[in-house]
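Note sheet for the following structure.
For clarity, chains are labelled A, B and C in written order, and residue numbers in each chain start from 1.
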Amino acid sequence: MDVIIENLPAYVDGFLRTLFLSVVSGIFALIFGTLLAAARVSPIAALRGFSMTYVEIVRNTPLTIAFFFAAVVLPRLGVTFQQFEVAAIIALSAYTSAFIAEAVRSGVNSVPVGQAEAARSIGMKFSQVLSLIILPQALRTVIPPMINILIALVKNSSVAGAFYVLELFGTGRQLANANGDAVLWVLVGVAFFYLLITVPLGYFANLVERKVAIAR
Amino acid sequence: MKAFLTRRKSLLVAASAALALSLSACGGSSTTSNPPVAEKPSFAADSTMAKLSSAGKIVIGTKFDQPLFGQKGLDGKPVGFDVEMGKLIAAKLGIPADKIEWVETVSANREQFIKQGKVDMIVATYTINDKRKTEVDFAGPYYEAGQALMVNKDNSSITKPEDVKGKNVCSVTGSTPAETIVEKYGAILVPAATYSACLEPLRNKQVEAITTDNVILAGFVAKEPDAFKLASDETFTKEPYGIGLKKDDTEFRMWINDQLEAFDEDGSYKKAWEDTAGEVIKTAPALPAIDRY
Amino acid sequence: MSSVLYDVPGPKARRVSLIGSIVGVVAIAGLLWWAISILAQQGIFEPERWAVFQIPDVWVLIGNGILATLTAAAVAAVIAFPLGLVLCLMRISDVAWIRIPTRIVLEFLRGMPVVLMMFFVLLVFATGSFVAVVAGLVLYNSAIFAEIIRAGIQSLPKGQREAGLAIGLTSFASRRSIELPQAIRRMLPSLVAQLVVLLKDTSLGYIVSYEELLRKVQIMADFLGPDYLFPVFFVAAAIYIAINFSVSRLAIWIEKRGSKKAAGGVVHVPVAGIPAK
């Protein structure tokens, strides 16, 4: 137990980096994922094809491979970053956006066809139908699964610890080595900080599911 | 057509040559020794030696990703100086090399593996220190390494550990060198899963240096002498490698200590070195003074 | 849905769409070309680099890696599924002192990174890395399986349970012989989709030094030297994607087949954690 208190600054440091990775990747993933979903239902065939291929490939790729690509292969292509966090954010948001896209798409499909028909019948264009009518309604049903994807993102950020970013999990490994006699408590500390993010998010998801999402 | 065929052939030759080269650079798995096995050695009844000897097999923990010391080859068998040490000791117990079960031990789980009896001994670039001595016993040391820095060939700005203050230095997450470079020299740690995973960021100049024991770095330099070099031949820590054993088995520990000295005298220590790490680090080390605590 | 979002494209819209498609294809092709040309400059496509695949040992090693990946996934799935079933029954038990602790445990398991659980088992119980990988996967996925099955049970009409109780079945008997079989059939697509997640997560074994495919590739690249990192890595990535893709297809096939057979069709209930890696 003492080992957690003694190393609190290291924990907090790792925790903040995990939080940073999660928030920034989460924002990018939400934006990119929604764009992908819009592309998936758009009239332009190439966009549909791109979106579908991207989602299929990324969903079937292990995250470690995605990290390897961003942290090792991209620098080989001449895309180097001084901050390794950038590689982690690229890997995490590229990976997560595929799941966001799928969630948004199923949300779009859950909006009754009549909504789109009504919007079309009053003369709205595709972009208007999507942004004014469908997406606002879809987002409500999509919020709970979306939060679950974000929870997964927080947990997935732990892979960055093996790819050059000293976040919470990496800090835990470092502390575990330095405190071979108190490994149990070191890891309990790490778990505590993860739960500090994931459990409240999970409760929030449940709450939203009950209160808001029962739009129909 | 003929030209094409010749080209294909030369490619294959080139590939196998490259492979042979890397094989030898890694300690020559194809030429690993099988030390002469002692015939029916006798030990005091109930001693660990007697138990292992009559069982005819032993479980030894080593690293699988440490060039020159313990690295798994393409055929799945570990090779290196640590592995040779393990084989020599097993041979003295009357156990041939093919009866040794090699288990991968990583830096973070070695003490636990010994305490819980998962392994009979650990030979895994295992630095002897007081904290670890409270949990396990060490025979040896059988080698003394030291922490060093490896940089890109064209880098002349880093020659001593003080030069990396505030700079990115890559090392393995949860390793002692990583701790030292941060705590004592104020470097920014870039953690990787294995030491070899540090090579790409160094090549791409995303980190200034890689730090770990000099012998490990020497292995990387030997493989790519045009890309990397050691920042300095001096080491800034002393890392005496010991053989990790269960605590309070003094009899076994002292017996291994005796064997280590015997290996030194009969030349098998030197041969083990020359067959493995000696391919890169030409000067064979002298056996450090055994610590018979 | 997408069919009603816009008109059947007229000549002008078709032209715009065609131009957009061409621009898109050209842009993607350009990006690929850029990547390939840079890689080519670095000699990645030199046949020497790929000649390693003529060495039988390399394929033996890759084969062993695939085998290790599939073994860990299979063992974990076989243990996690029944365990998930039990956890699910405990989670919806009528007895509060079973239900509430189970709920806490499930929340805990779902909130933790899988790799942390693997690491925990590896260090604290000092198991081998295989046991650590399997245990980590089992702990996490059994919690997810439990949640999926629970969602399936809750999606059943109330009358199913009421009818069971009315004919004198005990609560447990109704769950076992009426609700569970329907729930599992309904949730089959989600359960198989979770298998893909499980399969992908075996690659976390890389971090706790279990010699699955990715780790084998790293070991091989260490051994062969940096020139061979890319060829072996690309082959490994392709193998991973191929395996996962096949299992995903299986999920879709079951979904299509199931929607014909299962009473009320298969359902998608958003369940926490399904989209996790």
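Everything that follows uses one rule, which is that a residue touches a chain if its C-beta (ideal position, glycine included) is under 8 Å from a C-beta of that chain, and two chains touch if they have at least 3 such contacts.
A quick note: this is a predicted structure, and the numbers were derived from the prediction, not measured.
Among the chain pairings, A-C comes first (most C-beta pairs in contact).
A summary of chain positions shows that the Cα centroid lying nearest the centre of all protein Cα atoms is that of chain C.
Centroids built from CA atoms put subunit B at 40 Å from subunit A. Per-chain CA centroids place subunit A at a distance of 16 Å from subunit C. Look at where the CA atoms of subunit B average out and do the same for subunit C: the two points lie 37 Å apart. Contact of a single residue of subunit C with at least two other chains is seen at positions 123-124, 206-207, 229. With touch defined as above, residues shared between interfaces to two or more other chains in subunit A number as follows: 72, 76, 161-162, 173, 176, 183.
The multi-chain contact residues of subunit B, meaning those touching 2 or more other chains, are 108, 112, 193, 197, 200.
Chain contact summary for the complex, subunit C toward subunit B: residues 47-48, 51-52, 54-55, 57-58, 60-61, 64, 122-124, 126, 128-129, 206-207, 209, 211, 218-227, 229. By the touch criterion stated above, subunit B contacts subunit A in their complex at residues 107-108, 111-112, 131-132, 134-135, 170, 173-176, 178-179, 189-193, 197, 200-201, 204-206.
Residues 11-12, 14-16, 18-19, 22-23, 26, 64-65, 67, 71-76, 103-104, 106, 108-109, 112-113, 115-116, 118, 193-194, 196-197, 199-200, 203, 223-224 of subunit B are the ones that touch subunit C when the two sit in their complex.
Of all residues in subunit A, only 40-41, 43-47, 50, 56-57, 59-65, 68-69, 72-73, 76-78, 95, 99, 102-103, 106, 108-109, 111, 113, 116-117, 120, 125-126, 129-130, 134, 144-145, 148-149, 151-152, 155-156, 158-159, 161-162, 169, 172-173, 176, 183-184, 187, 190-191, 194-195, 198-199, 202, 205, 209 touch subunit C in the complex they form. Every residue of subunit A that touches subunit B in the complex is listed here, in rising order: 71-72, 75-76, 80-82, 84, 161-166, 170, 173-174, 176-178, 180-181, 183.
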